[in-house]
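Note that subunit A is present in both complexes that follow, paired respectively with subunit B and with subunit C.
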Partner chain A sequence: MSGQAWQVSFPPFYTLQKNEETRKKQLDAWSSLVIEHSRKTSTSTIDLSEIRRSVLFTNSKIERQASIELVEAVFSQLVQKGNAIWKDKSKSKCLLSSQTFSSLAAALYNWAQMSGHINQVCTIFELSQGEEISGEIFQNVPEEIIIIALKLLQKERKAELIGTDGVKFF
Partner chain B sequence: MKAVLGLKKQRDELRRAQIRADHEEKIMKVKAKECLSKGQKDKALKILRRKKAIDKRLETTDNHLENIQTMIDQIQTTKEQQQIVSAMATGNKALKELHTVLNPEYVEGVMDEVAEGVENQQEIDALISRTVFSSDDEEELEAELDALTSVDLPTVPKTEIDLPNVPMGEDEETEKASPAKQEPILA
Partner chain C sequence: MNRWCYFEGAPDPAERVLGQCTGCRLYDGDVKTNYKDGTISVSTHKITYHGQNVTLFIPLRLIISANSVPGSWNHSPKVELFAQQWEQSLKPPGPQSTSRSNEVRFAVAKKRQEDFAVQIIQRALEERVWEKQARQSQTIPGILAASGKSRGIGAVVKSQEAKHEKENAMTSEGLQDLKKLMKHADDLAKLAQTAATKVDGQDEVAKLRSMMMSLGLENDNATGELGLEKELAVVCRPLIEKSGGMMVMEEAYCALNRARGSELVSPEEVYSAAKSISKTYPAAGLLFKKYDSGIAVLQDSSLSDAAVVERILALITEFPEGLTAENYSAKAGFSPIVAKEHLQMAELKGDLCRDDSSRGVKFFPNLFQLHSC
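What follows is the complex of A and B.
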């Protein structure tokens, strides 16, 4: 994190870089900044134009604000890496998770196996706030994000969502 | 399955209510202290009364939660028992089907046949292992040896004639051996 402090006050950091390698480093740095920011503010639903105006993407000291294309590129990369998912077709809002959805899915399924919850119904609330999941990486993760991880398991036929608030593991 | 989910949803709802009440209680405590420090004793008392009401609500919520959890557990246990019984019924059916093929009379018949076969084999063994020639041969060979070593023994051929009953002795031996053989086979 300390290495990123200089970037925040480095004007070119706020414009999408043309050189492929530089751009990759720039986007990686922005990605971790965004994840860190969402963890601190404990927000998971992010409005792209709103976050662009926030202190994260704006530095008044050097009079810089990230370009729209840069913000879009950062979030596209987060989506690609499995840390975020678009909430609308116009890609103006996304749901961000500090853990990738696939690692959450793996942790959820592992928990279900270890705790004997295979063939059992659980509520999404239980998986996020329940007493049985303390210490797991998905503890206190918003239910919305847990549902996306469960949908990945559903694709692998390891779970089935029941309505909007239940799940059964296989 | 639907019933368990419904109960669990209700349980979550109660947990949320509990969190809310906990939160409210904490706020009341702080407020009461504030009022006391300002000297508003009456107001503090009112707030404390409110806090007590919340306490009571929390207690009943706790009881409800426990009841729901018990019911969830009961449903799950009964479901498991039902599965066990149905698995055992399936097993029992399979066992019965097998018994229609494998009944005691059939087994007895097979075992009798096996015993007969073993007996026959033993008889054959005894017959086949009986030495037919060897004793005669040996006598002949010994006689020849004697003839070679000592020239003064013309009576030797006579003993050869006196021994036709030797094979009978060997027969008795094989008969003695056979019951010993039979025992481990039957066991």
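What follows is the complex of A and C.
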């Protein structure tokens, strides 16, 4: 990793901190590292035990590896912030997005309104890879994540998913 | 049958005949012998069989026990004696040199005679008159000259009896002590009663205090009401200064009682005195503090948490690899328990953060906090 964050070589970074404020700062730092890592490796589905063993959570130089409880706390925070959702009940895997799902949802609806796609059907593929959406924050976002953002809109009755591939904005 | 020997000579002058049965027959084991219709006489020294033209005897010292065997329609009642072997060197000639059994049996003519004979023999065995005689006149030759020490099973039985007697004596001695103690307790109970009656009035507290002093529960008047607090201050102050400003209550308790030597005070008393020491005796400059983990300490009242943290932060620069409770305890002179408490306190205040790895818990300055400022 180039431009490594200072925390990476700080041993307490790998232990979940007890002081609430300290812990919040620690988890914030971890969250941004995780998001950066997923952007770099273009992975959005994350297995917690796998990522704990990866270079992200392990520093062999100072012989530290993040504790399980720390990794769980990092991803719980990401879920809480709206950057991730659990893929299973046992919380061993999650789907991670660099933008929060709600900001993606807002951007999608805004685009639909601005580009005259209200009451029209779009494909999920279009919303992720289409020419029309170039420059939008959801460009190249995995379809899986787009669907979750659209589900948020569906709850607000601003969109309706059609099958597994399409959506209609209201 | 080889226990029986021919009797020749005169009876011992100290010997007394205790009883006789007539019409007796000797047995060799279970087998009848021809020694019949004789008289068995039991003396303090021996059992004698007077036959028609023969006299046989067994000295009592060989007899271990005597039992009676009641008769039946085809068996006469019998007396059964267990007897040791004769000492080779002392054995006079006898009718038989071998025996079918270690039991010496003789039959009596009439019912109940067997019980009577056994009773007499047992009494003679208890009295052991032959032995006393032998001790007094060790030079007398013959059977009674056997050394004063008894031998074989008899000796074992005797030593057991002696031991038993000694134990009995000791027990009764112990009970004597207990009686003395109970007498003392009586006195104490009376004192308590008078105390109770005296207290029944006005000025109860003062009176109780004076009673307690007379019982030795309070040392002297000079220390007054703040006795224990003052003692704590005197005893613990130097120790606290030496150990970096605080000591755990357990240490304080031990130190206080060690200084007292006698008239020890209970942990509860020390605890309650310490708890209030900053209010009741501020001159001591001591403060009682209970940490979240449950440990309680007595500390210098000028030693605030902020001062502790400041000291840790100054110290921690010497440990770029992290500061353990042991490091800190060694450097600052606190006990490890107190050191750990201090570090955790500083952590909770946000001045330290922890590194919990396979090498144990180490503390670092809280860079998370410092970097965000």
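Heads up, the rule we're going with is that the second predicted complex is superposed on the first by the 166 of 170 C-alpha atoms of A that agree within 3 Å, B and C clash if a C-alpha of one lies under 4 Å from a C-alpha of the other, contacts with A are read in each partner's own complex, and residues count from 1 in each chain.
One rule holds in what follows: a residue touches a chain if its C-beta (ideal position, glycine included) is under 8 Å from a C-beta of that chain, and two chains touch if they have at least 3 such contacts.
Not measured: the values here are computed from a predicted model.
Student: Based on the superposed arrangement around subunit A, label subunit B with subunit C as either clash or fit.
Tutor: Aligned on subunit A, subunit B and subunit C fit with no clash.
Student: Applying the document's definition of touch, where does A:113 land relative to subunit B and subunit C: first, second, both, or neither?
Tutor: neither
Student: Examine A:49 and indicate which partner it touches, taking first as subunit B and second as subunit C; both and neither are also allowed.
Tutor: A:49 sits against neither subunit B nor subunit C.
Student: Classify the contacts of A:126 with the two partner chains as first (subunit B alone), second (subunit C alone), both, or neither.
Tutor: In the superposition, A:126 touches subunit B alone.
Student: For A:165, select first, second, both or neither according to whether it touches subunit B, subunit C, the two together, or no partner.
Tutor: Only subunit B; A:165 stays clear of subunit C.
Student: Could you tell me if A:22 is touching subunit B, subunit C, both of them or neither one (first, second, both, neither)?
Tutor: Only subunit C; A:22 stays clear of subunit B.
Student: Examine A:63 and indicate which partner it touches, taking first as subunit B and second as subunit C; both and neither are also allowed.
Tutor: second
Student: When both complexes are superposed, which of subunit B and subunit C contacts more residues belonging to subunit A?
Tutor: Higher number of touched subunit A residues: C.
Student: Nearest approach of subunit B to subunit C by C-alpha atoms in the superposition, in Å, rounded to an integer.
Tutor: In this superposition, no C-alpha atom of subunit B lies closer than 46 Å to one of subunit C.
Student: List the residues on subunit B that touch subunit A in their complex, please.
Tutor: 1, 4-5, 8-9, 11-12, 15-16, 76
Student: Give the list of subunit A residues in touch with subunit C in this complex.
Tutor: 6-7, 10-12, 14-15, 17-19, 21-22, 25-26, 29, 63-64, 67
Student: Which subunit C residues qualify as touching subunit A in the complex?
Tutor: 322, 347-350, 353-357, 362, 364, 366-369, 371-372
Student: Could you please specify the touching residues of subunit A with respect to subunit B in the complex?
Tutor: Spelled out, the residues of subunit A in touch with subunit B are 120-123, 125-126, 129, 162-163, 165-166, 168.
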